[in-house]
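All remarks here apply to the structure that follows.
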């Protein structure tokens, strides 16, 4: 019989596969902070913008929520991770800013430096 | 006052879930939470009902309900208004905001406006310290609030409600 | 019990303690009386007042000696300058939120807080500030609740829940706003309170007191147009001496009768007489049910706190309850009927006063179903405490007064009437009489040891002819509820049950004198002495069975006919009905 | 503050822990700087120095981001090659890369926010802001539940306890009782039923560590609790959490359900004989329920009032059964300790305090937020390096640590290290980790009053010193801030403070006077000023202020209109005047004036 360690390794492998099948290897991974504080600051609205964009055909983007990293005064925060590039973290991402991030960063690859943390 | 039968049966169902658990009496706080969720506050009739259903003396239920600040013993307005008095908010002037609201609504903490629209509450840190000072109306959080902004928001809500 | 010895050092000297003892228990045994306030030996440990703090070497903070267990080598300091000062500051803090009205307070000179403050030597007040302010609750017929006097020691709610099982009280709110109150802050009269008055007994201050009617009574005693009749319950004579600083257990029957006459009563009767009458009726009722195989067990009804509790908490037992009125009400009824007729007095002119060990009797006296010819059977009830105060107030030398007898025809009693005041006494009396009624023979061994003592529930057996009668006794309402649970599970287990609402029976009633300087309220040793006073009255009597009381016999012959006759039924029996709010009996450990 | 993350091509993190230092990490830095300059990379590469990364045996350590390449056992020659090949030619040097699968280090992969995060070290919060908290898959990907599997596969309960003891982990909720010892005491009790409780009743005003940890990574807490249950022989776990945290509750519920579905909770966990389950119980708004005996009373359905100890929960706790209680942060450390080892964990921090501590940094500081730093970090590093110092060019005055139970430390304590003993000695308290920075606009008397008002309001009312004493202290402080204090009031405060501290029943009462006592100790002159000169130097205590209008007034009339009591007069475009007698010091004019023409003194 499999030991718990063997079992958990199997579970991890399965989990990785599931995450990948959800599009984790997409070129751009977008993480939206969704803790109470972030939501209070408006991250739900930002999330909706990204979600809508994907539903409307934005491809190669993996959208996920995440907890609070602790940058209270800059919330809501959104992080964009691309392979081989320094991760970019945006602060105070309102719905409007989110829309621009979609247009400029996700679609055109431009890093909007004035909003980065 | 007669309690709404549908809500009561929902409460019954909730109590039935806890009844078979070990130490089932200990779920009284959870049941009170449920009752408040259903009735908006804890009517005496509801507490009485729970006391008899759970076989817990009424004085004890009363003692528990009055101990915890989360429980409302009086009906609450349509829009509960709370100002966060956590340290971050306090340092950034939450007290002034609270005073302005008190004056605007002509009620003090724990009271409900005559028209039943607002109930004023004081709350501990809600964890939105980055937005301090913070006011909550219902579930919605208003950050970086000033006395003036607060009054304006409330006026707007009142207009929409009436 | 763990008897391992633990060596401890108190104030620099070695002593032996037992494993599992608290510091306070160990210190008590060696002559250190650490000041205390919320502690009560009958109740759970709260550690709330912090008056009993001591220093323990190695502990960062002071420890509450009532709660902290001793351990090997423990070094305890009970009397350093620092700890004295800390205790003094704590008591001062209590005083700072307490009305400064000692001179006009009911508990003046009888107050544990006052004594404590005196022993602390508080001469200045440093921390004065806002005091709480609440309305007194005057709604109850028996007990007045004054939260302003409350120091939140929690004894009242502990006795109400842990000993009485009534749970009429709880803390409400918290912090500085904490108040002890009934559910929903409703008037006490609308609560499940049984009016037993044990909260008064254990309260260290005057947060609970009886509804005092001494001034009203004084006024009536001065009214020449009224015929003033009083009756005295058995337990009053066994305890009233304590209010005059006599040692507990002195029988003050004669002095009480004499003092009542000095106070202005025209007739002084003995509730023990009507106790004998109660036995005649109750024993007959029992035998009738037993022979007819009616509903059993029969449960006694003389304790009025128990009756109120029964109607609210145990209405399913109403068919089991003896229909006999309590001895006090039987007496009151006879005063306004038999006695009035005999003396050719207009009963409306009679003031019938009960002098009782009990606060619940005040409530009982107001029950509408107990009225007789549209008059109250008992117009007014005063407690032992109130009587003692009246005697003092009237300037009567209670201790040296020449003892006098009760008036006839309602003043002669058997020993069986006397022991009504102690738990088990009614049952013992009833058996003495029922045995003879049933078998036609006299019971030789008249003292029934199994029914005596203070354990919460006691059982006994007696064989009458060939029939075995199984009886049980419970005292304290908590034990009563426990006993009824046994009956619910096994209805055939007993034939006859005696229940008394207060610990120890009436001798521990809610109207008895406050504890003296060196004792705790409801101290079991004092209860034992009061009980012994009643047992010795019984032993001293030649007539020890109720049915041998010649005045009782005469009354049946002249007036009532026989026990359970129509007239007896009209005058001496009553009925019960479920009462609201319905009481809730929690299953163990749901209340703290 | 916004750091331009794209200005640098690489970020290097150089371990500066004592062992690495010894192993010449300082000379490494010099070499590094020299080599970078040689290849003209100095302005393209940013060097950060971190606290000990806990991999001392492989030190000195250098981490290159992005990409998270970790180089170990650095030599000068290695540094030269890393600069040339990796930083210049963009090709990692495989020879020196150490393959460390440490759990905590996940964090550095993601965050380029170096000023804020550079000095931090995330163990408890390692996954917060990194993974999707509502996905057990995400958690499994980062070695989630591997610690549990390890414990169940190769460790006996006693070995787990030994590991916890060896790690030196102490309770993160307050006084810092040794966690392993607590586990051992509970494990030793013989009982058919035992409980394991996670205290998530975080109630400090301005503290939200637990909420963040649960919202960001609920599975870590759950995994910790299960391991605790295994170690002490319990089958029942309870998470007691504030009802005010609906999202955290929801995430916990989801996480528990997911763990059950994955066979990680419930009967026969991971196919072993060990069964364990967790239920959530809600608090209802009572700060005192953070105290363990009060918390247990609350779970039992009673008023949350503490009781005297002993008996301790380990002997007689919830429902009278042996009970182990730890707080959220403590539990979150457990899986890391099991996987990365107690030896590693014990290298972090100071002699008496191991590992890291989470703080909620708030108040007058540029970067407010939630941080996790190694024990031993100084307050100065937190306030100035991580927090970015005091805004608006104001002067730092004090830092309040430990919430209502803690104390205020002045400037001269800035170099105090974060550990249990140092903080207590200085007059503060680790507490659950609130940290509030104050500048010259904060009045220390008012701050003390604020915290006391909180504890007074939250006092359960059971014991006399806390119930009555804090009320009197609050009255005295209120008088002082209102200008009617007397010299004896300070003596009274000290006398009451000492009494409440030593005579109260529970930790809430015992620590309630700390805010007052610490400010009296460090800022006594402010109290004296309030009393003797009726002066509040911070300009906070309204009663002592007087408002005046300066020449900067343009006569716009805005203040006149804002004044609720018509205390301001003046015609349009002329200097306005405040009637001092009528003024109620509401501050409205001060806020209203656009020209800074109103002063308060």
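By letter and in written order, the chains are A, B, C and D; residue numbering begins at 1 in each of them.
Assume a residue touches a chain if its C-beta (ideal position, glycine included) is under 8 Å from a C-beta of that chain, and two chains touch if they have at least 3 such contacts.
In UniProt terms the chains read A, C = Ferredoxin; B, D = NADH dehydrogenase.
Every value quoted in this text rests on a predicted model; they were computed, and no experiment measured them.
Between the chain pairs B-C and A-B, more C-beta pairs are in contact across B-C. Chain B has the Cα centre that lies closest to the mean of all protein Cα atoms in view. Work out the mean CA point of subunit B (NADH dehydrogenase) and of subunit C (Ferredoxin), and you get 44 Å between them.
For the pair subunit A (Ferredoxin) and subunit B (NADH dehydrogenase), the distance between mean C-alpha positions equals 34 Å. Chain centres here are Cα means. That of subunit A (Ferredoxin) falls 73 Å from that of subunit C (Ferredoxin). Note: centroid distance subunit C (Ferredoxin) to subunit D (NADH dehydrogenase), computed from Cα atoms, is 56 Å.
Multi-chain contact residues of subunit D (NADH dehydrogenase) (touching two or more other chains) are listed as 208, 211-212, 245, 286, 300-303, 362, 368-369, 460.
In subunit C (Ferredoxin), the residues that touch at least two other chains are 171, 173-174, 590-591.
Counting partner chains per residue, subunit A (Ferredoxin) shows two or more touched chains at residues 35-37, 71-73.
The full set of touching chain pairs reads A-B, A-D, B-C, B-D, C-D. Subunit A (Ferredoxin) meets subunit D (NADH dehydrogenase) in the complex at residues 1-5, 7-9, 11-12, 15-16, 18-19, 31, 33, 35-37, 39, 64-73, 77, 79, 81, 84-89, 91, 111, 113-117. Interface of subunit D (NADH dehydrogenase) with subunit A (Ferredoxin) (complex): residues 2-6, 8, 11, 65-67, 110-113, 116, 125, 127-138, 140-141, 143-146, 148-150, 152-154, 208, 211-212, 215-217, 245, 247-248, 262, 269-272, 362, 366-371.
Contact residues of subunit D (NADH dehydrogenase) toward subunit B (NADH dehydrogenase) in the complex are 203-208, 211-212, 243-245, 281-287, 298-305, 319, 360, 362-364, 368-369, 400, 403, 434, 436, 438, 442, 450, 460, 586-588, 591. On the side of subunit B (NADH dehydrogenase), the complex with subunit A (Ferredoxin) involves touching residues 126-131, 134, 141, 143. On the subunit D (NADH dehydrogenase) side of its complex with subunit C (Ferredoxin), the touching residues are 286, 297, 300-303, 307-308, 310, 456-465, 467-469, 471-472, 475, 492, 495-496, 499, 501-505, 510.
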